[in-house]
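Structures for review follow.
The two complexes that follow have subunit A in common; it is paired with subunit B in the first and with subunit C in the second.
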Partner chain A sequence: MIAQLLNGIALGSLYMVLSSGLAMIYGLRGVTNFAHGSLYMAGAYVAMSVSANVNFWVALLAAPLVLAIVGASLELIFFRSLQDRNHIEVGLVTFGLSMILERVIVLVWGEQTHTVSPPELLTGSMSILGASYPTYRIFLIVVALVMAAALVGWVQYTRTGLYVRAASRDVQAASVLGINVDRVSLIVVCVGGALAGLAGALAAPYISVSPTMGMQILITVLIVVVVGGAGSIGGAMVAGMALGVLQTMGNIWVPALAALIPFVALVVVLLWRPQGIAGKKA
Partner chain B sequence: MALDLNPGQQAGTEIPGLPKATNSPRRTLLWVSIAAVVVLVLGLAVPLVLTNRYYMGLTLAAAILSFHALSVGFLAKHLGLISLGHTAFFGGAAYCVGIAMTHWGWSPLMAALFGLVAVTVAAVPMGALIMRSSGMVFLMLTLALGQALHTISIQPASRDITGAHDGLQLQAADGATFLGIDFYALLVPQSFWPLAWVMLVVVIYLLWLVGRSRFGSLLEGIRENEERMRFSGFGTFVPRVAAFTLSGAVAGLGGVLFALNAHYVSPELLSFLAAGDALVSAIVGGLGALLGPVLGAFIYTFSESFLNFGGNLQLFMGALLVIVLVFFRGGIAGIVGTLYGRSRRKRAQKTTTTTTARPAGPAEPAAPADSKEPGA
Partner chain C sequence: MNAKKKIAYSMSAVALMALVTSCGGTEGGGDAAGGTEGEPIKIAVIPPTSGALAEFGTASREAWEYAAKEANDNGGILGRPVELVIKDTDASANTTLQAVREAVTQDGANFIGGVMTSTEHNAIAQQLEGLNALNFNSNGKDDALTGADCKPNSYRIVQSNLMDINALADSLAELPGETWAIQAVDYSTGHDAAAAFTEAAEAAGKEVVTEQFAPLNTTEFGTYITELKNSGADALFSVEYGADGVAFVNQADQFGLTDQFDTVLGFNMVSEPLFETLGDRIVGFKNNVGYDVNADNESNQSFVEGFEEEYGETPYYVHADNYLAAQTLFAGIEEAGSSETEAVREALKDLSFDSIVGEVTVRSDDNQLLRPSQIGEVVEGEDGELEFEILTTADASVTTPEASDECTM
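Up next is the complex of A and B:
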């Protein structure tokens, strides 16, 4: 039981890290980044290669770094030049980009499913409240929670975070008041990409690395962001964790219906509160 | 002299008939109806010309994809809504046909009608639910609808009904026929083509009629400014749900045809990638024109067969989608429309320059045509 709850929290942590990046990009650019699943997948593959050639700890740093660069190019090439376009159109551009990226990843790393073994320090299991639980998953949860806390701290207590919040609320007013929205957006998309890379790297030893992993998680994470309230980082985190736990627990209680939980959650939340849990306005 | 005569004649015909003849709605209706009949008849001859079975199969696949793309394009054109979930209707209808035939032993015709009716009826409550939203939320809800059905179809628990990952192989009694075509002959593109083609032309014609009807204008009003429409005393919710249902029925018809032709339904029909196929077709073809999605479906299907070496289709399609969205916003139909408009304007320009009795040099019409462009 406790092990299952922890599994739910581990899955929820992944959703949390991924969806907070997606929500940040949505808040600032108004764009639903359909390429986010591919960024996560790219992170997992980069982590796989680096941990095979160097070691896992380097991979944990390299994946976010590489994906931050990918994020930066996404912002500089597409989001910035298309910022006057309809947001749905730009969203569809990212949909096309994700098709390209997924195929490129398959061309580079091949179609087979890979497994990544966690570093020696984190293999084995430890005892939590009487239940034995794999150490790596505990590590995953801890890293994800620390990242989430750091992100919240950054957004709430630093000047750049203040700019991010201001620009998310009203881009025009923020730029009138002298905030360089382009620069803030570049930072946000970089951070969002890095978070996706980190999530991918963390997921690599936990879930197997395969060409379908991006699409699978993308839909759930999109749902998380909408349920959490478009553009709200806190809402996305809460919704991500809740959905991860619900999905895992649902797997035990109602296995036939567990896979539908995200969709049901989406419909219920949007009908009951169309702006999402933490949304400001519809 | 000949040059002077021509414009004179044209001006002469235009002056007496104050409401220009070509703009009369009844005249347009007549011409389009005639054109539809001609296209319908000409299209029936395609299997005679296209004897290569492979290309015939591709043409048929494109026609079937056209229904799915048309249904997505209809909502985009008239309401500005992008759906990623019409797989629910396309694939759902195909599954209805499969289940009715395989599990209940229904005849192909009854199963086909059941698929179409079931999907259309299901589209009403779905529309009532989903049409409360718009923009990105609409996209998400439709995506969730399609994905939920996909998830249900692959559940081990539903293996007895949907066959889970294996899908369903359609089974019919010996000697079963569909509208006079032997059930097993439906597998042959040449014999299935007339059915698909007639349906496609009829659906396009009906959608065109809907688009120019009062209902169509109402939808376009809602697209431009829903609040203003409500303010002007129009109910907007019912038309929106009606449009959603209509587009669901079009996608459903495509799904029914797919199932009858392929004799096989699988979860891929409900997948995110199937939704992507239809959306990419519609966008590449052009969302602004009724025929855009059909054009896109044909381009998509044929390029799919030419570009699919080494499984790189996704790469090319992604690139095409990005290029069209970034540089050619109206899609291919938009490019054609722009070129046509330009040549027409140029011709109009030529007639005006000749009537003012200026010797029209080859380079001359270009300059005024350009300067007039923003005004026109």
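Up next is the complex of A and C:
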């Protein structure tokens, strides 16, 4: 059972990293970034290439960096110029971007699925409370938890974090009070992209790398963001971890219904607490 | 935007996402014919271009394109050019059915190939007589397609699950391992294979101690692998293929799962295009091998040489099975002296011909192609590259059961 719990925490860690970036962008820009899954996939491909040509540790830094630049491009070219348009329209633009990105990845790396080996230091298994468990998955959990703590610290205790919270709550009021909302948005979308890149780099040895990996995880991550409380970073983290554990346990206890668990969670949470776990009432 | 609006928007976004990803695209395409005269013989090729099966879809298309080019270079079939009508699908039955209807009613094709899953084949089989078209199934292995769901216009070129399982069963008694665990895709192919394997294992005096099914497109196999580790089994039978198979093998290696088994027997799990990706992890894995690329016959040697020249890669079973479908169709057209649907269907009844897998026969009772099956083990070749070493070859008379009573043409 310990190993299965760790499986759930590992999956939840991945959801946590990915959904926190999506929640940040959503909170500030009000845009459901359908390209977030593709950014995650692109992060995995960048990590795969850097890992093959340099090493995994460099890949772990390169993927977030490259995806932060992609995020900045998204903000400057699309989100900023489309900020006054209907949110559904912007959402559709991001969906189109995700399809383009997926096609570009297929053209460069092909349709086949790839595997990435973890570095020598993280291969094999280690004993956790008597259960033998792959070292790389423990590493993934640790990185995700450190990232979560750093992100919460940044948002809660830094001046930029204060601006992010203010702009997420009310963009116009924040702007009137002298906060440079465009600059805050650029930072948030960069950080969101970097988190997607980090999630992709972590997922490369954990799962495998394929052009469809972004689309496959996107619906679950969107559900995580809604369940967590639209736009709430902390809520998305809690919801991501909870959903990872629930899905894993569901695979054991109710395998025939396990695929429905994210959707059931969505319905239950929205009936019980329509604003999501950490969302504020309107 | 207030919280209520955000939630309503998020809900609609999730719903939109689910809707859009469930739909596939279609696009037209074709293959120019040269050096031939007369009305073209039109074949619709409808492989998946997205999702977990996309790489097999590409292979299917390549094989049909090669077969068409080869036929046209050799003066066509009955002197007429072969023209392909290529459509995209996402491997969902609805999208494929729509593509079939378009190809037949708008583009004038009356032969269909390249369709991937058994579910798609079953869906289009119901429509074939109305459309007056013939379908050549090179990929769908569901037994029912030549059983209760058989149709006079549907031909199965690839071995059925039961044929492959019978080939495995033929060698199962010789394989190390007394207690088996089954890990299969939660799909008709996975369930059929698991059921047939359990029957074969019991007949061979072996025991199946656990079986579990993971949904198609599963990426995280940790839960399943942990259960397998705790199952007490000393051998594994796995039916995970495509992207799912890669993820499963990769993660099984992380957990050191395969080390605890005396035998890892895959069903469509490892194949030549995955050797580079999966690497040393799969050395020693055994798997059904539907097509022996080294088969020593003139037709196969010509195919392998020509295909390598055209695509710069050695063909594997998806290429071969689709090319074999083209060989079957062309043999039928030549036997009929016509490309009319009815005439070709009559000509294909119990037709025997030389193919890349030796002499094969189209059994008219259920339209199953009778052909041999192999079991191979992944080994490191002399050049250090992975390859299949053929362990056993089972003749069609061993692998192919009598046509099902449930099949009425």
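In the analysis below, the second predicted complex is superposed on the first by the 281 of 282 C-alpha atoms of A that agree within 3 Å, B and C clash if a C-alpha of one lies under 4 Å from a C-alpha of the other, contacts with A are read in each partner's own complex, and residues count from 1 in each chain.
In the analysis below, contacts are C-beta pairs under 8 Å (C-beta built on N, C-alpha and C of every residue); 3 or more make two chains touch, one makes a residue touch a chain.
Just so it is clear, the model here is predicted, and its values are computed rather than measured.
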Superposed partners subunit B and subunit C on subunit A - clash or fit: clash
Partner chain(s) touched by A:Ala72 [first = subunit B, second = subunit C, both, neither]: neither
Partner chain in contact with A:Leu97 - subunit B first, subunit C second, else both or neither: first
Partner chain(s) touched by A:Val267 [first = subunit B, second = subunit C, both, neither]: first
First, second, both or neither for A:Ile128, with subunit B first and subunit C second: neither
Partner chain in contact with A:Met215 - subunit B first, subunit C second, else both or neither: both
Which of subunit B and subunit C A:Leu162 touches, first, second, both or neither: neither
First (subunit B), second (subunit C), both or neither touched by A:Ala3: second
Which superposed partner A:Val226 touches (first subunit B, second subunit C, both, neither): both
Touched partner set for A:Glu89, first subunit B, second subunit C, both or neither: first
In the superposition, subunit B vs subunit C on subunit A residues touched: C
Subunit A residues contacted in one complex by subunit B, in the other by subunit C: 32, 87-88, 91, 95, 215, 219, 222-223, 226, 230, 255, 259, 266, 270, 274
Sites on subunit B touched by subunit A in the complex: 82, 129, 132-133, 135-137, 139-141, 143-145, 147-148, 151-152, 155, 157, 272, 276, 279-280, 283, 311-312, 314-315, 317-322, 325-326, 329
Complex contact set, residues of subunit A against subunit C: 3-4, 7, 10-11, 26, 30, 32, 34, 87-88, 91, 95, 110-115, 118, 124-125, 132, 134, 136-137, 205-208, 210-213, 215-219, 222-223, 225-226, 229-231, 248, 251-252, 255, 258-259, 266, 270, 274-276, 279-282
Subunit B-facing residues of subunit A, complex: 32, 78, 82, 87-89, 91-93, 95-104, 106-107, 215, 219, 222-223, 226, 230, 255-256, 259-260, 262-263, 266-267, 270-271, 274
Subunit C residues touching subunit A - in the complex, by the definition given at the top: 1-7, 9-14, 16-18, 20-21, 50-52, 54-55, 58, 212-213, 215, 217, 219-220, 222-224, 226-227, 229, 242-243, 246-247, 249-251, 254-256, 273-274, 277-279
